[in-house]
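Below is one structure. I have some questions about it.
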Amino acid sequence: MNRRKGKNTFWIMMMILMLIITAGFLVVFIVRIISLGAPVLSWKFIVEPPREAMTEGGIFPALMGTFLLTALAMIFALPSGIFTAIWLTHYGKPQWLVNILHIIINTMAGIPSIIFGLFGMAIFVNLLGFKVSLLSGSLTLAILALPVIINNTEQAIHSVPADFSEASLALGATTRQTISKVVFPAALPNILTGAIISVGRVAGETAPIMFTAATFYSRSLPHSLQDEVMALPYHIYALMTEGTHPESQVPIAYGTALVLLILVILIDATAIIIRSYMRKKRQW
Amino acid sequence: MKGIKEKTFQAIAYIASLLTAVCLIAIIYGIFHDGLPLFQFISWKDFLFTNNWYPVYSPPGFGAWALIMGSFYVTLGALIIALPLSLGSAIFISEIASPGLREIAKPVIELLAGIPSVVYGLFGIAFLAPLIRQWFSLDTGLNLFTSSLILGIMVIPIICSISEDAMSSVPHSIREASLALGATKSETIFKAVIPAAKKGIIGSILLGFGRAIGETMVVLMVAGGAAQIPKSIFEPVRPMTSTIAAEMGETIMGDLHYNALFALAIVLLIITFFSNLITEIVFRPKRQK
Amino acid sequence: MNRKILLLTLILSLTTLIAFAKTTITCSGSTTVLPIAQATAEAFMDGHPDINISIRGGGSGVGIAALINGTIDIACSSRPMKSKEITQAKSKGIEPIPYAIALDGIAVVVHPSNSISNLTIKQLKDIYTGKIKNWNELGGPNLPIVVISRDVSSGTFEVFNERVMAGAKVSSSAQLLASNNAVTTTVSTTPGAIGYAGLGFVSSKVKSVAIEKIIPSEQTVKDGTYKLARKLYMYTNGKAKGAVSQYIAFIQSPQGQKIVEKQGFISLN
């Protein structure tokens, strides 16, 4: 009996140890980024463009670039993704088509992001001649986000109790009315959460934009869809691997990382808060 | 009137689905279309199993063995580090922690899962690699060990979160029955809860595998870039993903190097597809219950 | 509510886009040329507020490929284009025209604690093919040699390959890094390392060795006695016109060449 108790204590200690080591790693990670990034942060850092061969100044073009890339990608991906999910859940015929589509979507959801970048470069930049641009980059990011949005929307729609749509149809509403007035509003919180998390993911992606949109240095903001843009994740990568004056540029990289981190965490936290708020308000 | 609105809505949904299908099929088609031509130049056996990656020499060599092994080694290393840590943490959060702690821990893990990979890469190249180089008196800190470490940390939130979901979905009756029979808490965990949550846990490991093998930025910045089979865990490696990222900019559409990179993409696609397939098989029977 | 936010964001972004109508020059390629391109671009943009220059790195190969693919205005290259590339370009309707913008010497660097101060081309080649594995074989400290090289898109690598390796393969245990800067940073923190980088990247953190008893300097590069001297180029499609030709002319002007020297490279004249 004592041996079993001993084993019990041992294993519980092990679990606690695992958690502590994990937490330890993550704390060191975050503290490091904050401690090296915070000194660089200032209002000027956020609103000024880089100067003096990227050793001074700020990251405003990168911030703007990330914002534009993400916004455009979402404009392309959200409507297509949501309507695809609607078709799959409400209109999907024939069944084999639905199944094939599901297989394709699930596979795409797991594909490494660099392959999207490779594809984007081959098709948008070279074949279609869009060049390295906001357009190519956001299209590539949109395709990246599409499978996740579709899966998430489908799940959200499925989580609405079937009686809702059945009641609606029984009252004589058409499928369209049922979807737009009953199912979609009910599923909206989850759809929204998923969409917001996708925004966070797209903002932080580097590989898809490396050769489709991102540039190392540009002073002004893009004035058309054809322009190259700076972007926060690419900026970090470029400073660390191609930077010409590491002493001043490594701190800037940390600062950029901190900005990106704060951005992504704010976006994700918003999603989580919306979700728990909506769940509490939910009446079923 | 109603008829038109109905039809239009349905048509929009249908077109969206077609668009999605076209995009996604285009990617698969495009990868094969641009990758297969390589095999007129080199047999797929040579491509997969010889270690001779010299794409810009004359004549060029496209033996990707070291690259493929690089991907697997790094992923294996990441899983070795991540599994005990994430499963242990998951068990703790699900079975041992107080409800208050659990309320805090779950959202925190979700937030951590969203951290962009390039930030992990920065941490690796600027902080961890020099540290490891000093600690172990190595030639360089950019190697298999460091990149596995960072990749492992990156994958922990994913495995932890999904395993924890699986474990906390196990009905309390199972735990209570086990404890009522006189089992200790740890025995309950290992002999009752985990077997019941087995499918979810395996699924989370597969997801972690998929994420690790597909990761690009971390390995690009931290793995070292030597296309070789490492003789020790402290040597640099070059997985497929970082090879594609490092070389894709300098390829000209249509030439052999271009095809070779797409061939690597084919390999990654196939690995992802099978990993997904296995995950589906593991997860699906759960619904039939 | 969400639709209103979306609409607002859209309008905001479109106004931001329209507000800054400018001519843009896109430039990409060599990481050696990158600091020159950036510094001169900044100075040029100060004097021409209606022109915006967007610069990317990636390596000479990336720039040349982009030029051949027709997606870039200027390809920065630290090596001349190969005849194969010129043929490929012409077959796609691109006419590459080179403009020399600076001179450079590829410096071979080691860790400051390394006692070696001279290498012959043959020794360098043997180190990079992996034939010589330890510094003590050359009269240096008993330390395994850590070979640092550049990846396939590097123009610096191509020049090194041509002048030193003469086509022999670099040892597979060599680390292939993405930029000049990565090379010098790695060499400065690795006692047994050896690497090569453009002269502008050599700082006190690393030690530059003489090649065939010649030290790379402005003198030895200009009179050609340094074996690894080279020109740095910007390639355009057809003769440079408009804003592009203004920019290149600026770099080649005395003001631009002063900036070249400030970045640690060597002026053309």
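Note that the chains take the letters A, B and C in the order they are written out, and that residue 1 is the start of every chain.
Following the convention adopted for this analysis, a contact is a pair of C-beta atoms (placed from the backbone, for glycine too) under 8 Å apart; a residue touches a chain by one contact, two chains touch by 3 or more.
Fair warning: this is a prediction, and the values are worked out from it, not measured in the lab.
Think of each touching pair as a link: the shortest run of links from chain A to chain B has 1 of them. Across the structure, the highest number of inter-chain C-beta contacts is found for A-B. Set against the C-alpha centre of chain B, every other chain centre is closer than that of C. Rounded to whole angstrom units, the spacing between the C-alpha centres of chain A and chain B is 16.
The distance from the centre of chain B to the centre of chain C, each centre being the mean of the chain's C-alpha atoms, comes to 34 Å. Chain contacts: chain B has residues 249, 253 touching two or more partner chains. Among the residues of chain A, those in touch with two or more other chains are 126, 211, 241.
Contact of a single residue of chain C with at least two other chains is seen at positions 58, 66, 69, 177-178. Contact residues on chain C toward chain A in their complex (touch as defined above): 2, 6, 9-10, 13, 16-22, 24, 26, 28, 31, 34-35, 38-39, 41-42, 45, 52-58, 66, 69-72, 177-179, 181-182, 185, 201, 263. Looking at the complex, you find that chain B touches chain A at residues 2, 5-6, 9-10, 12-17, 19-21, 23-28, 30-31, 34, 84-89, 91-93, 95-96, 107, 110-112, 114-123, 125-127, 153, 156, 160, 184-187, 189-190, 210, 213-217, 220-221, 241, 244-245, 248-249, 253, 261-262, 265, 268-269, 272-273, 275-276, 280.
Listing the residues of chain C that touch chain B in their complex gives 58-59, 61-62, 64-66, 68-69, 85, 88, 144, 146, 151-153, 167, 169, 172-178, 186, 189-190, 192-193.
Against chain C, the residues of chain B that register as touching in their complex are 51, 54-58, 66, 130, 133, 139-140, 142, 224-228, 235-236, 238, 246-247, 249-253, 255, 257. Within the complex, the chain A residues that touch chain B are 4-5, 7-8, 10-12, 14-19, 21-23, 25-26, 29, 32-33, 79-84, 86-88, 90-91, 101, 104-108, 110-119, 121-123, 126-127, 143, 146-147, 150, 174-176, 179-180, 197, 200-201, 203-207, 210-211, 233-234, 236-237, 240-241, 250, 253-254, 257, 260-261, 264-265, 267-269, 272.
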